[in-house]
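Sending over a structure as structure tokens; questions will come in a sec.
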Amino acid sequence: MLSHLPILQVVVPLLAAPACLLLDRSRLVWIFTVLACGLSLLISMLLLYQVSQHGTLSYDLGGWDAPWGIEYRIDLLSAYVMLVVSGIATLVIVAAGTGLEREIPLEKQTVFYVTYLLCLAGLLGIVATGDIFNVFVFLEISSLATYALIAYGRDRRALWAAYQYLIVGTIGATFILIGIGFLYSLTGTLNMQDLAARIPDSAGSRTASTAFVFIVVGVCLKLALFPLHLWLPNAYAYAPSLVTAFLAATATKVAVYLLIRLHFSVFGEQFASSSLPLHGILLTLGLAGVFVASLVAIFQPDIKRLFAYSSIAQIGYMIIGIGFGTAIGLQATLLHLFNHALMKGALFLALAAVVYRLGSADISAFRGLGRRMPWTMAAIVIGGLSLIGMPLTVGFVSKWYLILAAIEAGMWPVALLVVTGSILAVVYVWRLVEAAYFQPPENELPEGLDGPDRREAPLTLLVPTWLLVLVNIYLGIDTRLTVGTSGAVASALLGGGQ
Amino acid sequence: MLPELYNYWVVILLMMTGFYIVIVQGNLIKKLIGLNLFQTSVFIFYISLGKVSGGSAPIFAEGVSSYSNPLPHVLILTAIVVGIATTALALALVIRIRNAYGTVEEEELQQRDLEC
Amino acid sequence: MLLLLAITALAIAWLRDLFAAVMLAGIYGLLSASFFVSVDAVDVAFTEAAVGAGIFPLLMLAALALVGRNEQTAYRRPLISLLLVSITGAALVLGTLDMPAFGSADAPPHNHVAVRYIEESPKEIGIPNMVTSVLADYRSFDTLGEVVVVFTAAMGVLGLLFTGRAASPGSATERANMYDHRVLRVVSKMLIPLILLFALYVQFHGEYGPGGGFQAGVIFAAGIILYAMLFGFGNAQRVVRPALLQILAACGVLIYGSVGVVCLLSGGNFLDYSQLLPDPLVGRHVGILVIELGVGITVASAMILIFYAFASATVNSEEVA
Amino acid sequence: MLTVVVIALLVVMVMALSRALLGPTIYDRILAVNVFGTKTVLLIAVVGFLFGRPDFLDIALVYALINFISVIGVLRYFEYSNDRHQGDNP
Amino acid sequence: MIALLLEGVSVLCLGTGIFLLVSGGVGLLRFPEVFSRMHAAGVTETLAASLILLGLMLLAGWGIVMFKLLLILLFILITSPTASHALAKSAVHGGLGVDPDRNETS
């Protein structure tokens, strides 16, 4: 059974979704979903162990070997990202047990859990597969499920945000489809491994570079890179807070993984930089993203939108890492991918607790929260600190490697800009802390919540948040696991990329 | 060289019309029609990749030597399904928006957003 | 043929009245399906006709019934978008310059992967329709993904619109359906069994001619929707209850998945049908038949569920409006 | 002989399309779509014959079916929309 | 001999089919008013279609192909009159009422 792990990783949540539609009572459905997510987390741990033992796993679906049938290739990078995705998914679903009662009417909860599992299966499918068209299919599954999840938000603007995200997402997916079409017309194959072998001999043609441009633009649309990020803030702000916690920590990360996978292992490093000045573009867009998003984040009244803009800024950091094109740069991106998932997961889960208790995520609701909900507020503060990149937190590690990469690539101004970016982050986190601890709590509460309800968030919401925060701190100190794996992956990719 | 590629250029013209409709149109439903147009023309692009002149449909029959390439057909079958699934979900969203906002025009939606 | 397509597309862009745009979108689907036929893409023409010209206009009309037909606003910032569109168009044209000519037999795609599909698939899988053999066996995981996409769409629509309350027969939708169309009701009473029979024919004919699970599901759903349109959604929902459909949709995906798991347990990789039965060729046949069935069930129930959700939305909007 | 039929069919389809585009009332457009549909059915049957592939006829049958259902759908939509907002049909 | 006869008859059918087709098409364009256009379209849909299909059947000879063609012919013969009937009914219902005694319409 151990040899079938790669396919089980995706099939377990995929088949759990229709199965849990059959048993219709919501308590049972929730337990079933938690079991499915736990199982997929277990499988991803085993996979990471297997891959670290004896290198890339290859699994031919339907028994047909590589270029003819579909092939699953799990290397260190995919195992690493899958661990992040399934870990966050399990934590969020545990918190969803009580977190959802106020947000989603009872009879729709079963369908919510089914869509959640489908989204998880889609994301895992993208990471595991080694076939480009399969990436497109699973990208569609996860995006459709995400549009549906966002539309569950209570606020009527959630519908409008979901619609905008749908239009932008579908255009992005169609661009990727056009890119795959061009690649197919050039090489005749869909398997990534096979493509990487056949692209260099047709590298000169304009078709290959156009295909590359279209695929990168499509992925950047999904990634919400700076100029194409307009859909993200509304989508994250108006979606149910637990959905935002799940999406913020996983959806954009999988898109970054896709960019890395296509950039390095399919097109190869020197092809990417030769076809168009990609490094220059990525660097400028990344930096622009950091500054604009952080500046806008400072003036946001709604905390969820604030963190959504800060996510765009963090993605900007990741893109800067890729922009360097060096092994250290890639390692910084991978580190930040892992750490950002932890940070944002913790922050949004804590926010979910606040919204659960107070019903709104507005800065006015935050006034005097430090006393009323000490634990949640402490989690938010620590998450904010690691967002800034304070030492002893996981954010510091990734910022440190980013600056190292900038210096090694000899781009002094970029290193300075990265530091000023984090200072901007300090401003908007401080705004939050100052509101929570120093401003007196308003005597009358927004829309008069009943008395006893205002104390700490329920345990099921707090435990996952604090679990993430502890992992945040632990990995900030003992960096062996994260730095080790990302270093190995970076050298493997860049080494293997040529 | 030019005449063979004529086919692809017409398809690209179709793609761009669909893309144009999606960007310019304010009405939500018209955007969906544009999106469907855009996707259908990408499918036509794929299928015209697979055509082998003189080849016949990829169903095994005696006496037929060269076939068209079956792989794009498989890809397109999946892509059509994806297209109709996205349209169905988008229409459900449009109906909910209509019930919630009372309008389907993008400008009015933005105004109503700014009010509250 | 392509010229006709281009004219319709431009007309759709130019038209203001939504209804005419939907009609033209139907014609566009029909035209692209006939283009597929002229380019030997038989299965795709089948699906595009059933979906592009069949389900898509119906879905649009159901939505238009709620949303109202005319489109007031003028174009928004047309020039910038025109510029953006022409840039992408130029990039695309640039991309096609180095591509092999249309229909040239020596192009890479034809002689790399596809050679095996054309040569060996009749022998290895033993069914003439190569597209179904690739769809159901070589790349069967894509088809599983396809089924899950339909299932997700149905779940999404269910979550958004479905209030779970079936339209009671006496409600408003009854009055609106075509009571006075005596001729239509008689003819369709005769036609619907024929349509459902044709759907089953397409389902199990998938190996030899154009057809297969997905097309059969769409035709089956079209038959039921025709019945619902003529005899009212109330008694249509009494005939095919929504709760039953949800279970059916889930079972379809599970059938497909369990075929894969059975292959897994019996030693082969996921979805490797040769493990199903001692004789690999027969095993493949059985495998393909069963997953086509799974696809057909899920697609049919998903499409009908979506239409029920749209119908139940019309009911609430009436109360609301 | 068959090629002549194909050309005639194409000509009629173009006529139907032009009627659909400029048809003043909505019913002209529905009529044009209906005519267009049946002509495509014939076109596919004839093209199937030209290439000598009998299994094209299944597609022609589906066309006729879908054409009928979409016309009924359109009329059903009309019945429905006429009851709700009387004023606005052309 | 028989083949020649069959060939001749099928060419005849196809010929008349085409003639009806084109005349119906022209009628569709030129007639002033919806209902007269409907008549023109009706001609093409039923008669011309069945003639052409008959011609094809003669060409195809016995066998599965002929059966399928027959199926299509039957299906068209059933559906297109009903469709135009429904269309006419909803046109009348929809306000394009034509009172029979007046010759030129509203």
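Each chain carries a letter (A, B, C, D and E) given by its place in the written order, and its residues are counted from 1.
We adopt the following convention: a contact is a pair of C-beta atoms (placed from the backbone, for glycine too) under 8 Å apart; a residue touches a chain by one contact, two chains touch by 3 or more.
None of these values were measured; they are calculated from a predicted model.
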Contact distance in steps, from chain A to chain E: 2
Chain whose mean Cα position lies farthest from chain B: E
Selected pair, greater C-beta contact count between A-B and C-E: A-B
Chain centre separation (chain A, chain B; CA means) in Å: 28
Averaged-CA centre spacing for the pair chain C and chain A, given as whole angstrom: 31
Centre-to-centre distance between chain D and chain C (centres being mean Cα positions), rounded to whole Å: 20
Separation of chain B from chain C, taking each centre as the mean of its C-alpha atoms, in whole Å: 13
Residues within chain A bordering two or more other chains: 133, 137, 140, 144, 147-148, 151, 178, 184-185, 190
Shared-contact residues (touching 2 or more other chains) in chain B: 15, 19, 49, 56-57, 59, 61, 71-72, 75, 78, 82, 85-86, 89, 93-94, 96
Residues of chain C whose C-beta touches two or more other chains: 42, 62, 64, 68, 92, 96-97, 99, 107, 109-110, 113-114, 117, 139, 142, 145-146, 149, 152-153, 156, 160, 178, 184, 191, 208-210
Residue ranges of chain A in contact with chain B within the complex: 133, 136-137, 140, 144, 147-148, 151, 156-157, 159-160, 162-163, 166-167, 170-171, 173-174, 177-178, 181, 184-185, 190
Contact set on chain C toward chain A in their complex: 91-92, 94-100, 107-114, 116-117, 137-142, 144-146, 148-149, 151-153, 155-156, 158-160, 164, 246-247, 249-251, 253-254, 257-258, 260-261, 264, 268-275
For the chain C and chain D complex, residues of the former touching the latter: 4, 7-8, 11, 19-20, 23-24, 26-27, 30-31, 33-34, 37-38, 42, 45-46, 49-50, 53-54, 57-58, 61-62, 64-65, 68-70, 175-178, 184, 188, 191, 195, 198, 202, 205, 208-211, 215, 219, 222, 225-226, 229-230, 314, 321
Touching residues (chain side chain C, partner chain B) in the complex: 2-3, 5-6, 9-10, 12-13, 18, 21-22, 25, 28-29, 32, 35-36, 39-44, 47-48, 51-52, 55-56, 59-60, 62-64, 66-68, 71-78, 81-82, 84-86, 88-89, 92-93, 96-97, 99, 101-105, 107, 109-110, 113-114, 117-118, 122, 128-131, 134-135, 139, 142-143, 145-146, 149-150, 152-153, 156-157, 160-161, 208-210, 214, 299, 306, 309-310, 313, 316-317, 320
Complex contacts: residues of chain B adjacent to chain A: 15, 19, 22, 28, 31, 35, 38-39, 42, 45-46, 49, 71-72, 75, 78-79, 82, 85-86, 89-90, 93-94, 96-97, 100-101, 109, 113
